[in-house]
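The following pair of complexes shares a single chain, chain A, combined with chain B in the former and chain C in the latter.
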Partner chain A sequence: MTVTVERGARAVAKHQHAGPRRPRTRDSYALFLLPGFLAFLAVIIVPFLMNTGVSFTEWQGIGSPKWTGLANYRELLDDSEFWASFRHSMFMVVAMAAVPTMIGLVLAAALFDYIAKHFGSKWAAVLRACFYLPQVLPIAVAGIVWSWILAPDNGSLNELLKAIGLSSWQQDWLGDPDLALYSVMGVMVWVQIGFPLVVFMAGLQRVDPLLYEAAELDGAGWWRRFWHITLPQIRPEIYVVLTWCTIAALKVFGAVYVLTKGGPGGATDVPSYFSFSTFFEKTQVGYGAAISTVLTVIILLLSLIGLKLQTRAEDAEEGVRA
Partner chain B sequence: MLTARRRVVAAAAVMMSGALLLTSCGDSDSGSGDGKTLKLWHYEGPDSAMGVAWNEAIKEFEAKHPGVKVKFEEKGFDQIQKTAPMILNSSDAPDLMEYNKGNATAGALSKQGLLTDLSAEVTKRGWDKKLSAGVRTTSVYDTNGVMGSGKWYGVPNYAEYTMAFYNKDLFKKYGIAEPKTFDELTSAMDAFVKKGVTPLANAGAEYMAQQYLYQLALSKADRSWVDKYELYKGKTDFHDAAWTYAAQTFADWVKKGYISKKSTSTKAEDAGVSWIQGKAPILFSGSWWYGRFQTEAKFDWDSSLWPGSNLTLGSGGNLWVVPKNAKNKDLAYDFIDITMSKKIQNLLGNKGGVPVAADTSAITDPKSKQLISNFNTLSQKDGLAFYPDWPVTGFYDVLVSETQKLMTGNEKPDDYLSALQQAYDKGAPKQ
Partner chain C sequence: MTTALRRYPVLVALCIAALFMIVPFLIVAVNAVKSPSEYSANGPLSLPKGFYLDGLKSFWERVDYGQKLFNSVLISGSVAVLAAILSVLNAYAIGIGRIKGRTWVLAFFVLANMLPQEALVYPIYYLSKQVGLYDTRLSVIIVFTVVQAAFGTFLLSSVLGQFPREIIEAARIDGANKWQVLWRIVVPVSRPTIGVLLVFFFIWTWNEFLLPLVMLISNDNQTVSVALGVLQGQRLMDATMTNAAALLGVLPAVVFFIVFQRTLTRGIAAGAVK
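Now for the complex of A and B:
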């Protein structure tokens, strides 16, 4: 049996191309796009261009900026703190994109295919809401709560370890430079899981149940059904989640600000926090602007590559089905 | 290629976005400038000594200026710190504002011409005669924005300094004598460690750790050392005897358990609370804790200047500054004058602040008396040595980050001092 799923905007675009061209009507739609375009211009494009302009200057935020050309970018290339912050970003991609996607997939499949079937869809919905809760909490609130949990002296985690006789496992979770980044990563996994879970469960709704029934009749176990049906069927959602979460990981700021302020000794610094502290704390506005410009360009490139890969994979998939 | 219609749309878009931007940056005059409103911003909590005193000053100002309304807005320290240059550059500037003192803050604003030169007013109203030399240092700035000389750009109504707070009950409980000398302090700390108690409350993620370290350096320093470091009167060498002693001793104290390694990531508030909860017998920090300890500490406590040091961290308090674009400057000067009056200064003193022009006999609270007496001792011996993060913009973050590395052992004292030297030389004015 072949299941053909036409996907959102691309499907619409295909239908438009297939129909007669009506340029006049399409031009008149431009008016509807105008408010969004103006907002985009005022809130994104103009500030970005201004920021790029500032990045070519030496400026303390007051007085006249001094034009220094590419000096900030040259300094950036040799700045070990900047590159260390980017290395930490890669860890954040693991914590905020890779791990939550994997856990989210397994959980979504388990809730959809096991919990809903054996305990009822209400229980699946309740559990889904529980997993999604961290996404609803403001990151400042979640961060403060986690900083209490991970506190070295009276933190709940250390108290719990003590209570169950594992005192030797107690750690200064956010104060030990060898541990702090992993602790922040752990918090971010907790924060992120809900997003892929909800997207994947929505994706699973459109998978033809007959596929599962047929596989079950053929004697396929849960894991084989997950591997051969669930995964291929929700591949578009996986691409979307991975792209979205990778971008979120690259620009993560709130959690680092609340939990560690980049410390101890820069062990959890990330580019967005590095840019913020350079810009506002050190008032090296030009240099801070250069960091955020580079960060924006990198995020943009990675997003475009992600989207391109997604499109190519979808095209290849559709080609096979056709 | 753009069609004519698209060109029109694009032009309209550019014009509208321009209009949007202009609107967002434009004048939103609140109607002050009529001599009937004093727009006042400060960031002191309403229960703090300064908050209480200034609320009283507002009442007195309104009583003395019938028909004039004080439009007070309570701001956050960070809020003013990060947005002051933009606000002062606009027509939304208040008439009077509390602002942080030092080269990187009030100095930078004065250099950019964003603050009013108060020199004439200071002489006319006699504020200069009320402020001691040490307190006055942070009020005057030269053309490069360096404090210590030049014109008056701010007036402080209080002072602040650091001291050692002792939990006397804990000293009694463990049979340890309260230290009077530096040697006695280290002996007491040794004794606490032997009893399984970490003697010093500390916060590595904020100012407290760097202040311990700076105090250790100050105990081996003199005024010319401070002037070199803070006022650039000579070359600062971070590998000199004072800094080397400080870094080495601080690292040793962490190793010996005087300071918990676990305090690397804790904040000043956590350290203060741990002292209030009776978990640590000694806390070294500023007079800004004093009023709170008076209210919240439920045990017998005492305070003293850091033993064995002529210098300690401290300065005049934050400044009243009058923005260049203020519309009611005369009202602002009148308000400053009221905060300098005996009545308001005495109130500030009795609420746990350090007044700069109070009537000593009017301070009735014994603990407040002791606070002011210690300050007078310090002031008389010219002992205010400012704060370690002042000389260079952004140095605070460097100090936090590097001191954390020193605490965790990720950096040796020598490398720590080299890192500070590098950041200092990069930011300090070229000699």
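Now for the complex of A and C:
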């Protein structure tokens, strides 16, 4: 997604040098930007600045905010709930970015280089559709489905375990503080897999089939082709997916709200849910604003790193081609 | 023959994995048409003996699901159209007009798109109360129009950056003004990309949860996602009702998916790596 910008900007920059332009007419195009700019100001920039401002105050949402400087941030440093929520975020990054990317890579390569080749592209398309389906589901609906499947009494998973004679494995999947986070992670892997798969399969279409044929003639097995052709060829896509999914993981809210509400006992609390409950349940608006400001800074930093890695990968790729 | 035999295990393994992905949908569908007594007698894994639709019906009436569907369609549809228009206007200035400092303008939109909604939600809640937009569908439409337009702006800007100049120059020479060039030439030619954007904006907005949860508290304004999420949070429902709710939530998504499958998979790829 971020690549789009980079390439777009670059394409634009290239065009600039391409031919003579009439500078006289150029700037009146800025008028077309006016509605977008004003809307952005009102809906994104002003609220964001307000949020940042409020984070330096103590405020209940009514009356006037009391300026307290960095007090909220100092309090955050000592708040074990805050640190726990970020630790859970790291688990979410594993479940929503790392694992789906790895599984997506193997699946995409298998579908592209094996199923499509030996059984036809129809099989590959149908299988891809099955993996992608959870991605179009509203997360609230996915949450309902899974909280019912994972229910302790009469839940499908526990019933299934009983049916295959593993009654001792039955658990209160979402209600046990030691298990709840892993259960939520499992659900998120299910939700997330389709995205990397689809992006990787699209990326593989631009790989020269001759590369695979040559490798196959040289006797390279499937795994060697995967390591030496598939992986290097779609590296830009891997960076995009990792950046994009990591950001999504840091922002995860709906799933936690519907599955566990951060419980049991804060075992699945994440920063976005933590800030939400601080805003609207505890009405400590200043503190909630500080949490969301920290989250924003982390997300912007990660986006920049992701963008950097992508452009470096692209430059390297272009260097090879040149 | 031996190679064929070697190939099938991979296909079978992938089919099993795919089955695992859709099993939750199947269990929900199966249980949504069971009667409560059948459910409690045989559990969630048995096949339904009959076709019992009262659970679906009573859930539909209880939450006034028709109204929720209408709200979701109204909000997502308006956002899709408005955000596409806003994206086209922005991208026209950036990609075709090549205004000064466009890299920075683009960066501004990207940055705005990256901001987590958590960092906007309270001020938006507060400001909308001040101007009387709180708990209106319009408030959610406005916010998501802007959020989605950020993505649309940078996807379309790169597409329009490669727009053939000759066509525009020719139209200008024929006396068309910028506005006419935009609507008569740029928009029709870019229709495929705009189509992808419309589908995406619609589905993304349909699936949004945090902001609608905060902004739409009255029953008459809630979207499908919020209504189901809130019900689930209260844990007021029995098992058959939960399944009816889940099935009714899943169905619109599956319908979109089947109708727009090509657009979706193509669009995802275009959006991620263009």
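Brief remarks follow.
The rule we apply is simple: the second predicted complex is superposed on the first by the 273 of 322 C-alpha atoms of A that agree within 3 Å, B and C clash if a C-alpha of one lies under 4 Å from a C-alpha of the other, contacts with A are read in each partner's own complex, and residues count from 1 in each chain.
Please note the rule applied: a residue touches a chain if its C-beta (ideal position, glycine included) is under 8 Å from a C-beta of that chain, and two chains touch if they have at least 3 such contacts.
This is a predicted model, so every value here is computed, not measured.
In the superposition on chain A, A:A140 makes contact with chain C only, not with chain B. Legend: residue contacts after superposition of the two complexes on their common chain; A:L105 is shown touching neither chain B nor chain C. Contacts of A:E159 after superposition: chain C is touched, whereas chain B is not reached. Of the two partners chain B and chain C, more residues of chain A are touched by C.
By the touch criterion defined above, A:V191 lies against neither chain B nor chain C after alignment on the C-alpha atoms of chain A. In the overlay built on the shared chain, the residue A:T293 is in contact with chain C alone; chain B does not reach it.
Touch criterion met: A:G262 reaches chain B, while chain C stays clear of it. Shared-chain residue A:A248: touches no atom of chain B or chain C.
Of the two partner chains, both chain B and chain C are touched by A:V46.
Touch criterion met: A:G61 reaches chain B and chain C at once. Across the superposed pair, chain B and chain C both touch chain A at residues 27, 30-31, 42, 46, 61, 151, 261, 280. Against chain C, in their complex, chain A makes its touches with residues 1-5, 7-9, 11-13, 15-16, 19, 21, 26-33, 35-36, 39-40, 42-48, 50-52, 54, 61, 107, 110-111, 114-115, 118-119, 123, 126-134, 136-141, 143-149, 151, 154-156, 159-160, 163, 190, 193, 195, 198-199, 201-203, 236-237, 240-241, 244, 247, 250-251, 253-254, 257-258, 261, 271-272, 275-276, 279-280, 285, 288-289, 291-293, 295-296, 299-300, 303. Residue ranges of chain C in contact with chain A, taken from their complex: 7, 10-11, 14-15, 17-19, 21-22, 24-25, 27-28, 40, 43-45, 86, 89-90, 92-100, 102-103, 105-112, 114-124, 126-127, 142-143, 145-147, 149-151, 153-155, 157-159, 161-162, 165, 178, 182, 203, 206-207, 209-210, 213-214, 224-226, 228-229, 232-233, 239, 242-243, 245-246, 249-250, 253-254, 256-257, 261, 264-266, 268-269, 271-274. Across the interface of their complex, chain A is touched by residues 5-6, 9, 12-14, 16-17, 20-21, 82, 85-86, 89, 104, 108-109, 111-112, 114, 204-205, 260-266, 270, 274, 279, 393-394, 396-397, 400-402, 404-405, 407-408, 410-411 of chain B. Looking at the complex, you find that chain A touches chain B at residues 27, 30-31, 34, 37-38, 41-42, 46, 60-63, 151-153, 172, 174-177, 180, 260-266, 277-278, 280-284.
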